Amino acid sequence: MAKVAIIMGSDSDLPVMQEAARILEHFGVEYQLTVVSAHRTPKRMFDFAASAHENGFDAIIAGAGGAAHLPGMVASITHLPVIGVPVQSKTMSGLDSLYSIVQMPPGVPVATMAINGARNAGIMAAQILALNNHELSQRVQAYKRNLELEVLNKAEKLESEGFEDYLNNRNF
Amino acid sequence: MAKVAIIMGSDSDLPVMQEAARILEHFGVEYQLTVVSAHRTPKRMFDFAASAHENGFDAIIAGAGGAAHLPGMVASITHLPVIGVPVQSKTMSGLDSLYSIVQMPPGVPVATMAINGARNAGIMAAQILALNNHELSQRVQAYKRNLELEVLNKAEKLESEGFEDYLNNRNF
Amino acid sequence: MAKVAIIMGSDSDLPVMQEAARILEHFGVEYQLTVVSAHRTPKRMFDFAASAHENGFDAIIAGAGGAAHLPGMVASITHLPVIGVPVQSKTMSGLDSLYSIVQMPPGVPVATMAINGARNAGIMAAQILALNNHELSQRVQAYKRNLELEVLNKAEKLESEGFEDYLNNRNF
Amino acid sequence: MAKVAIIMGSDSDLPVMQEAARILEHFGVEYQLTVVSAHRTPKRMFDFAASAHENGFDAIIAGAGGAAHLPGMVASITHLPVIGVPVQSKTMSGLDSLYSIVQMPPGVPVATMAINGARNAGIMAAQILALNNHELSQRVQAYKRNLELEVLNKAEKLESEGFEDYLNNRNF
Amino acid sequence: MAKVAIIMGSDSDLPVMQEAARILEHFGVEYQLTVVSAHRTPKRMFDFAASAHENGFDAIIAGAGGAAHLPGMVASITHLPVIGVPVQSKTMSGLDSLYSIVQMPPGVPVATMAINGARNAGIMAAQILALNNHELSQRVQAYKRNLELEVLNKAEKLESEGFEDYLNNRNF
Amino acid sequence: MAKVAIIMGSDSDLPVMQEAARILEHFGVEYQLTVVSAHRTPKRMFDFAASAHENGFDAIIAGAGGAAHLPGMVASITHLPVIGVPVQSKTMSGLDSLYSIVQMPPGVPVATMAINGARNAGIMAAQILALNNHELSQRVQAYKRNLELEVLNKAEKLESEGFEDYLNNRNF
Amino acid sequence: MAKVAIIMGSDSDLPVMQEAARILEHFGVEYQLTVVSAHRTPKRMFDFAASAHENGFDAIIAGAGGAAHLPGMVASITHLPVIGVPVQSKTMSGLDSLYSIVQMPPGVPVATMAINGARNAGIMAAQILALNNHELSQRVQAYKRNLELEVLNKAEKLESEGFEDYLNNRNF
Amino acid sequence: MAKVAIIMGSDSDLPVMQEAARILEHFGVEYQLTVVSAHRTPKRMFDFAASAHENGFDAIIAGAGGAAHLPGMVASITHLPVIGVPVQSKTMSGLDSLYSIVQMPPGVPVATMAINGARNAGIMAAQILALNNHELSQRVQAYKRNLELEVLNKAEKLESEGFEDYLNNRNF
């Protein structure tokens, strides 16, 4: 049974939001991914949020851009933790998305990620689920160790190759 | 029967939003004023918006601050014109309110006013209703002429008194 | 007889502003579209605004960028509802346009849309005209239902195809 | 045993951060509250974060202002969910705090709250713990229902008193 | 005959704009000061700008706040140099005023001063008039030398008193 | 003898600043154009500004980007009117340039143009020189009338062609 | 002989800039403190910077607000390290000061501190001098240890008193 | 023995940060360049900073983007001068990087450069080392004179060629 819902306000958010799905797959966490628009499908949004708990979800990742109301509205209806992803907008670089998601009033928190931070939304969901899932906790810890190893590996290569060769040998 | 609904996300918005009521009273436009919170009373918000048309409203003025979702969510549910008032917030001076209200996606417009621009929201509602109400149209036009007269009057006093006396005789 | 005027400060705003015309055509609302520059044709602007009512317009959509004075100046001269569209500028991404349009003083409202939000300007004009036009009201409501259906349709496809195929089958 | 740690970069953050403690008390969630400065006590910060899991914490609430590194650094060391509270700063109104906390790189999420949103940090922590604690879940749901009742109550009073009396009878 | 017009959008701008008058008095430059609102007295604004040249003005200082259209609109009508003063606004600290005044399109410049920079507007007007007025040029140069002397004098006092006494002996 | 100096902080500003030269050529105003860097050639800058008056200049146009000190420093040394052009920067879109130029302290004004507003700088210089040059004044007025005619011409074409053909027949 | 110069653009910056002097006194570092205005005393500024090295200074702390050109101009003239302090301005909260100081072009760095960060400017100067002064290095290290002890001490008190008593016993 | 450490939070910062290495090579200053991530390799970061002094470094250049904690965290652990380079980020143009680095609390300064200002970081490091290295001081002074000569040379060419040829003969 899916534990995490990944929803987004528009399918144009999918190139960003897919990262949440990919990292949850990496962690072996079941998820459902779909489009739920606060502004164009308010009823669907309301029903989705109201039934999220009974549908077995433990956390909801919601991404949206511009006047991004989806994460906050879902959080107003469910008592599950909602993780918000501000999707970069065309005209304001995502500042509108960020402010619309993070500046929630007292009583209705949204756990806000960086602009376009969908991968981190998936990791945060996994960290939350891992509190009650030892195996998942091990995977999250392994993931963090791996991040460290990748950097250490790059540092070693950069130091041994020298920065000029390192740059020439890669595309930045 | 009330023609304009004035709603706000919190009673703490009332010192700002009362200006919309006062100017509608000045124009002789019936209104209802109440608190409807998108985040704390989502069901009330849905019901309010869904029934606004059949309840006889022609326009909805919605004020909110911070992650201000009320105007946009109401606009997503009703086909009536929604006029949004970004209420100045404590930590971001209302930029969060403004961006959350104005940056609506294609399909769901909110007629956004200046930060704290509740009086203008009332005037805009009157301008809309006046399209089909000759007497109200006369009142709106008289109001604008009066704005002009007030400025002309002040200009005359300022020119005749001189700016030093003008400043001394008044509190700024 | 045209009911809505669509004006813009420069013909370089046309790629953005044409969306207002297209959606009004979709709704079957008559409109006139032209260039009126507050800064380069102030007399034309003045005459346009002063005669808008007697010329039969019910609403004016005005788009401009940078120090965007056109919507506010037109609103200062006519008592018709003015809908402002901040056009994205080259050097400030439209923040200058937005602030210049939305921050109007008490007495002279402009119903401000999102940056580049010309389609929404057309929808807002239709919503206003629909208050007194049952058929138009039906069309606006149908448009909103259609927005919903499009999202529901995409959601269904996304859920059945899976996000990877959905992404591969489309250009984002 | 305390389940939630509430840490802040300076005791001058306490007037803001106390709200996290108060709401956790309301929910009956055990917490520890102390000062941990990333910049002035980096070793304490490292030790705190590295031992947080074995010390029995399930979530960490970290508040800081200005170049607010505490939440992100703690998140880099522990695999527990970290909830960040940007504390309003004197010279940048908390924009520096917000950007420093929310814009975390892929791999190390911080669940960011609104500027000064300490109460919401406590609620988010409770929502997370409630996933595995039925009684706490009931309390969180009751809290949300109570938020709703308070607004409904205020709305009723505002409607029956009228806005002028409502304003006169209260301090805003 | 007055050479410089000082106009402002509202008499509430007078506490700021009086500084332009005072410095022109210091330079012995004749001026007229009054209120001209682009938004509330558009006709007065048009007439004022259109007749400014024939009325003998050589430069126009225009101050306004919020969606500050006065300087740009006057500049669109007259070919005289227009000096714009963005007046600090309540909700956006004058950023809206600044952007509305400075971001003029090609063809219609406004010589923009700092937010609340009315004294500098007067000095700029004097610098312009001084190009053709040797005595005024001497006064402007003397003013600048005096600025220098004041700083040198303060520097000397600060160095001889020491900063602690210097602070104690004065109100900052 | 050149009446207007056009200086810029770097030759990389030339693509922007050439517009000032071109419009002055159009007006028949003599100018000198060169590079003067406040930061890399401070002595040249000092000497340039100190001798600008005796070298016969009546106005100085100074363009710079980033921490743009050139216009303000030149204004601190000469009593001639200085017109500042904030050149769009790579990392801050010219906001740094704008703030560095416009926010001058009392006593030392810079007549600030829009970001990249070099053409307007040239027009402002011509407007200033035209106060004492009837022929130039005529040219400036003709230029403004021509701006108007161009817009009227475009408006006529747009109205007669219709917006779709108008768009198709041109590159935007 | 003084090793560090502390200069500021106006004596109104002294309440902020005195912190640099106090911390240098704490470290036993000789300093000279005075007013040097880039805009009102450009010659003094030029001479000060040009002779700073031969006058025995090893570092220059320069504070300024608004269009803050002092640090960058001094850095353009001397090869000594210049530490810039953006002083909070009245109308832009110091953003103008910060951008004017930090966004220096390649070739002329200014070591920029936080807005109003004068104490840190003094510490940075001490850190630089300490590279060649063992005793000063010891004092800087002791200062940092003391920062740590103060936080540890506060943390202990906060933990033992509880946050309510801690708040009640102190003024925040 | 290397005197300057150049570290960055990710190898994706290398295209920017290499400029620090290149200018130090130009000055003949030994450096070490590597990747140290505050968020992904916190232990490496701690060890690096704690041993920087005993490893013979005199200054540390640290570049990072987004929630850029590396410079400030290194500065919290070592007493050496830390020079911070805010690397331009994808979603906020580096404003997040700048605020995260520059807004350090009292006690822990970071000498902040412009966004992407890695070359200036290298120059600042050289200026600091030059205080105790006469030959290096000569090289830094020669570098600054050369900057001046380059501008003078370009100015001469621009003046002799005329701006049109100058532009045509070069790529801008």
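We just call them A, B, C, D, E, F, G and H in the order they show up, numbering each chain from 1.
The criterion applied here is as follows: a residue touches a chain if its C-beta (ideal position, glycine included) is under 8 Å from a C-beta of that chain, and two chains touch if they have at least 3 such contacts.
Not measured: the values here are computed from a predicted model.
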Chain hops separating chain H from chain C, counting only touching neighbours: 2
Chain located farthest away, centre of chain E as origin (C-alpha): A
Please work out which of E-G and E-F is bridged by more C-beta pairs in contact, and write that pair. E-F
Look at all chain centres (mean of CA atoms) and spot the one farthest from the centre of chain H. B
Quick one: report the Å distance separating chain A from chain G, using the average Cα coordinate of each chain. 40
Measuring centre to centre with CA averages, how many angstrom lie between chain C and chain E? 36
How far is the middle of chain B from the middle of chain C, if each middle is the mean of its Cα atoms, in Å? 20
Scan chain E for residues touching two or more other chains and write them down. 10, 40, 66-67, 91-93, 95, 102-105, 107-108, 114-115, 144, 147
What chain pairs are in touch here? A-B, A-C, A-D, A-H, B-C, B-D, B-E, C-E, C-F, D-G, D-H, E-F, E-G, F-G, F-H, G-H
Touching residues on chain F, where the partner in the complex is chain H: 10-12, 14-15, 18, 21, 32-37, 40-41, 43-44, 66-67, 90-93
State the interface residues of chain F toward chain C in the complex, per the touch definition above. 88, 93-95, 114-116, 144, 147-148, 150-152, 154-155, 158-159, 163-164, 166-167, 170, 172
Give the list of chain D residues in touch with chain H in this complex. 9-10, 38-40, 42, 46, 66-67, 69, 72-73, 75-77, 89, 91-92, 95-96, 99-105, 107-108, 110
So, in the complex, the side of chain F touching chain E is made of residues 19, 58-59, 79-81, 83, 98, 102-109, 111-115, 117, 119-121, 123-124, 127-132, 137, 140-141, 143-144, 147
